[in-house]
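There are structures below to look over.
Two complexes come next, and they have one chain in common, chain A, joined by chain B in the first and chain C in the second.
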Partner chain A sequence: MGDCEELLTPLQKDVLQEIMNISFGQAAADLSEVVNLYVTLTVPYIDLLRFDGILPLITKDIAGANDMGMVKQFFSGKFTGSSVLIFPHGEGKKLLRLFDATAGASDYDVDVLEKEILIEISNIIMGACISKIAELVKDVVSYSPPRYYAQDQIHNALSEAFADKESFAIFFKTVFHFKEFDASGFLFLISDESTLEWLKTAIEDYLRQYT
Partner chain B sequence: MLDNAQIFATIDLGLIALDRQLVVRGWNRWMEIHSGISAKDILGQPILERYQNLGESKYRRLFKSVLTFGSYAYFSQKLHQYLIPLKNPHSSNVHLPLMQQSCSAAPLRDGDGEITGLFITIHDVTEYAVYEKKLLEMARIDALTKAYNRSFLDKRLTEELERARRFANPLSIILIDIDFFKNVNDTHGHLCGDHTLRSIASILQRTVRTVDLVGRYGGEEFCCILPETPSANACILAERLRHEIETEVFTFGDRQFHITISLGVAEYDEETTTLEALIGRADSALYQAKSAGRNRVICAGRDGSNHATIVAENCR
Partner chain C sequence: MAKILIVDDSIVARMSVKACIPKDQGHELAEAGDGAKGLALFRSLKPDVTFLDLTMPDKNGLEVLEELRLDFPTAVIVILSADIQKQTQEKARLLGAFSIIKKPPVKEVVQAELAKALALLGVSYG
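Entry: the complex of A and B
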């Protein structure tokens, strides 16, 4: 990843990590407020890499799970990219109670309800994380509708999105956890090279507060 | 702007604009028609005064996520049925009094990018929901008897087994076979056979509790799933089913006849953890009921042996 090292200086990378730490901390607090539940987000992992390096990174985390649900959504502002939320199968079902939905009371299968819940909750989690980053670097972001992928569609969708690209990506990963429901999932944010120049400026601006 | 106002007025979607305090700032013609509330009556009013349901947590979450994160939010019909309670304007209103809605909400920002409010779109998806309900029913219901079909029973039994394991609840099933059903078909014809299957399904359905599931398991075989029921209670119910069928006079045209059924009961335990194992034990009890002379209930014992139920003995 020698090329990537040149894209951001170690200091810039540290600042970016700090911006993300603050953003995700605030996002967790806001998420807890909005969904009325205690949500934790792990300290985000950040990396700069080639697009074709993204897929192995994601699949490394979800290697054990061949039964998953994924929600993908694009966000665009000056900070632009895609967010991918992955839930191991069954985690969504734990959240049924959060949405006052029970399988017995509905015409729908638990799997259908799980899908709907994952879309709704993903939208909120992605909104929380991205909006906080945007806020900190004074940007306004808009979002595309979330799309759900089940099981075998996931790998295809991921490879299509992240293969064959020569350009660089900024990669963020966090694990979120709803304590009350013991439900967890992964959130990946992938922003492309076009964001980089703007991000560098935003980092400089942010640093200026402290100099 | 005039063009935009025309779109706002004529679009086939409900459009509502709210400020941060959830006071109504926009209410389009579609909303006027379907709610019966005119824009002039509701503009400037807090929406919660008209629709108290929007104070519930699931609705608050929708508004908060838009106002706090500036994100686009979705409100699924499958999870919530509707956002604003409006009359179902379609002929399906007999069964479904309220319009089924798929909704979304997004932020409204001022020139500085500050979120000043949100707008909501309401899409009437009642007709889709009705079709979907019909399709779901077709996939679950046995067309002849209107009882659940085999694939739905298997699916529910797998779920109930999982629940019984997780919460350590009892769970029993009853397998039922009509005695000498071939004779009904041969003597009275297949139409009479169909009629008999329907009648038996309906007797079984009206005799079990509402939480129990009755399904057609095969040609002349039925299965009852009894959640949270130990085998002793399942045997009492099985005996009642046997008695109901035995005492019923079946009529088809000018013919009258009697039918009996044989029943096998099995309860879930640590060794019977799979669907196949549980069905297998009930089936073996049923086989024993058949070979012991039919018209009786046999309960599968925990030790693998089967025994006639005490109730059944007493009733004989």
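Entry: the complex of A and C
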């Protein structure tokens, strides 16, 4: 599908996939600790593709792309990019049961609560995931505050973010499934081509400890 | 010496486990890149100790563990996984995992678990 084979060797790609696997595992563990959500993880998918290929790939995965909730956060360090967590239609509302009714949740508008819960869950997942990647490749990253986008804002936000058609994106995807709530979220991490050379060096360093 | 099987869909994960296993004890190593191959190799090789990943495509590690322990109730299976949620660890223990190690593997931890497993089996090495 992408150009991964040209820019990364199979072993480099495998290292990245394993780093993602460990990072998503950390994110799931943090989530289950903080909000008592048990998460089933899929094997992470990784590819290198042109920026204009990202949006079709994201929307292909998710039914009802015009009616989903999305939280986006930038991270910057030597490893720089965006993390995007997308919840298909209705998934956010299923997670409202996480709010205890006795804690005053009934005083708030359902849409506001849905937005808050998606931001909170995304913040935990993205923070744990990116921090673990940074730790494994010996980097330190800083984050912008997560931002929530609803429905009609999503397409514009994604189009703007991935409008750079000339360069490549390093694209990671995994699916989080919250079993008790029968809800899923899609996590995408997207970094640009400028990170690639540094990332290759970090991969070699990671590999060196095992050879 | 012992027969050791490593089941993980990631090449680098298998490399990292192999790098943690002492080279001077004459262990025989075998590896499989997915759950189905892991099961088949286990049946033919009958390893003393198996290092098993959980998050794998098609047949995941918990399914492999369950199947193995049904057919080989005394199989010594060490889970090596990035999924470090308590619930996952409980499931693995209930299914009969010998121990659970979180990824990335640390040499001292892998060697300690291996030594415990071999002591339990009464396998001599060195």
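Just so we're on the same page, the second predicted complex is superposed on the first by the 194 of 211 C-alpha atoms of A that agree within 3 Å, B and C clash if a C-alpha of one lies under 4 Å from a C-alpha of the other, contacts with A are read in each partner's own complex, and residues count from 1 in each chain.
Throughout what follows, contacts are C-beta pairs under 8 Å (C-beta built on N, C-alpha and C of every residue); 3 or more make two chains touch, one makes a residue touch a chain.
None of the values given here were measured: they were computed from a predicted structure.
Colleague: Overlay done on chain A, so just call it for chain B and chain C: clash or fit.
Modeller: Fit.
Colleague: By the touch definition at the top of the document, which applies to A:A29: first (chain B), second (chain C), both, or neither?
Modeller: second
Colleague: Quick one: chain B or chain C, who's touching more of chain A?
Modeller: After superposition, B is the partner touching more of chain A.
Colleague: Answer with first, second, both or neither: which of chain B and chain C does A:V110 touch in the superposed model?
Modeller: After superposing on A, A:V110 lies in contact with chain B but is clear of chain C.
Colleague: Is A:Y210 contacted by the first partner chain B, the second partner chain C, both or neither?
Modeller: second
Colleague: Just checking: does A:L136 make contact with chain B only, chain C only, both, or neither of them? Give me first, second, both or neither.
Modeller: In the superposed model, A:L136 contacts chain C only, not chain B.
Colleague: Once the structures are superposed on A, label A:Q17 by its partner contacts, choosing first (chain B), second (chain C), both or neither.
Modeller: second
Colleague: For the overlaid structures, how many degrees, to the nearest 10, lie between chain B and chain C at the C-alpha centre of chain A?
Modeller: For this superposition the angle at chain A equals 120 degrees.
Colleague: Looking at A:V43 after the superposition, I want to know if it touches chain B, chain C, both of them or none. Which is it: first, second, both, neither?
Modeller: second
Colleague: Of all C-alpha distances between chain B and chain C after superposition, which is the least, in Å?
Modeller: Minimum C-alpha separation, chain B to chain C: 13 Å.
Colleague: From the superposed pair, tell me which chain A residues show up as contacts to chain B and also as contacts to chain C.
Modeller: 33
Colleague: Can you tell me which positions in chain B touch chain A when the two form their complex?
Modeller: Touching chain A: residues 57-58, 61, 64-65, 68-76, 78-80, 109, 113, 132-133, 136, 159 of chain B.
Colleague: So in the complex, which bits of chain A are touching chain B?
Modeller: It is residues 30, 33-36, 99-101, 103, 106-108, 110, 112-113, 116-117, 119-120, 123-124, 126-128, 130-132, 134, 140-143, 145-146 of chain A that touch chain B.
Colleague: What part of chain C is in contact with chain A in the complex they form?
Modeller: 9-13, 15-16, 18-19, 55-57, 81-87, 102-104
Colleague: Which positions of chain A touch chain C when the two form their complex?
Modeller: Going by the criterion above, the answer is residues 10-11, 14-15, 17-18, 21-26, 28-29, 32-33, 38-39, 41-43, 136, 207, 209-211.
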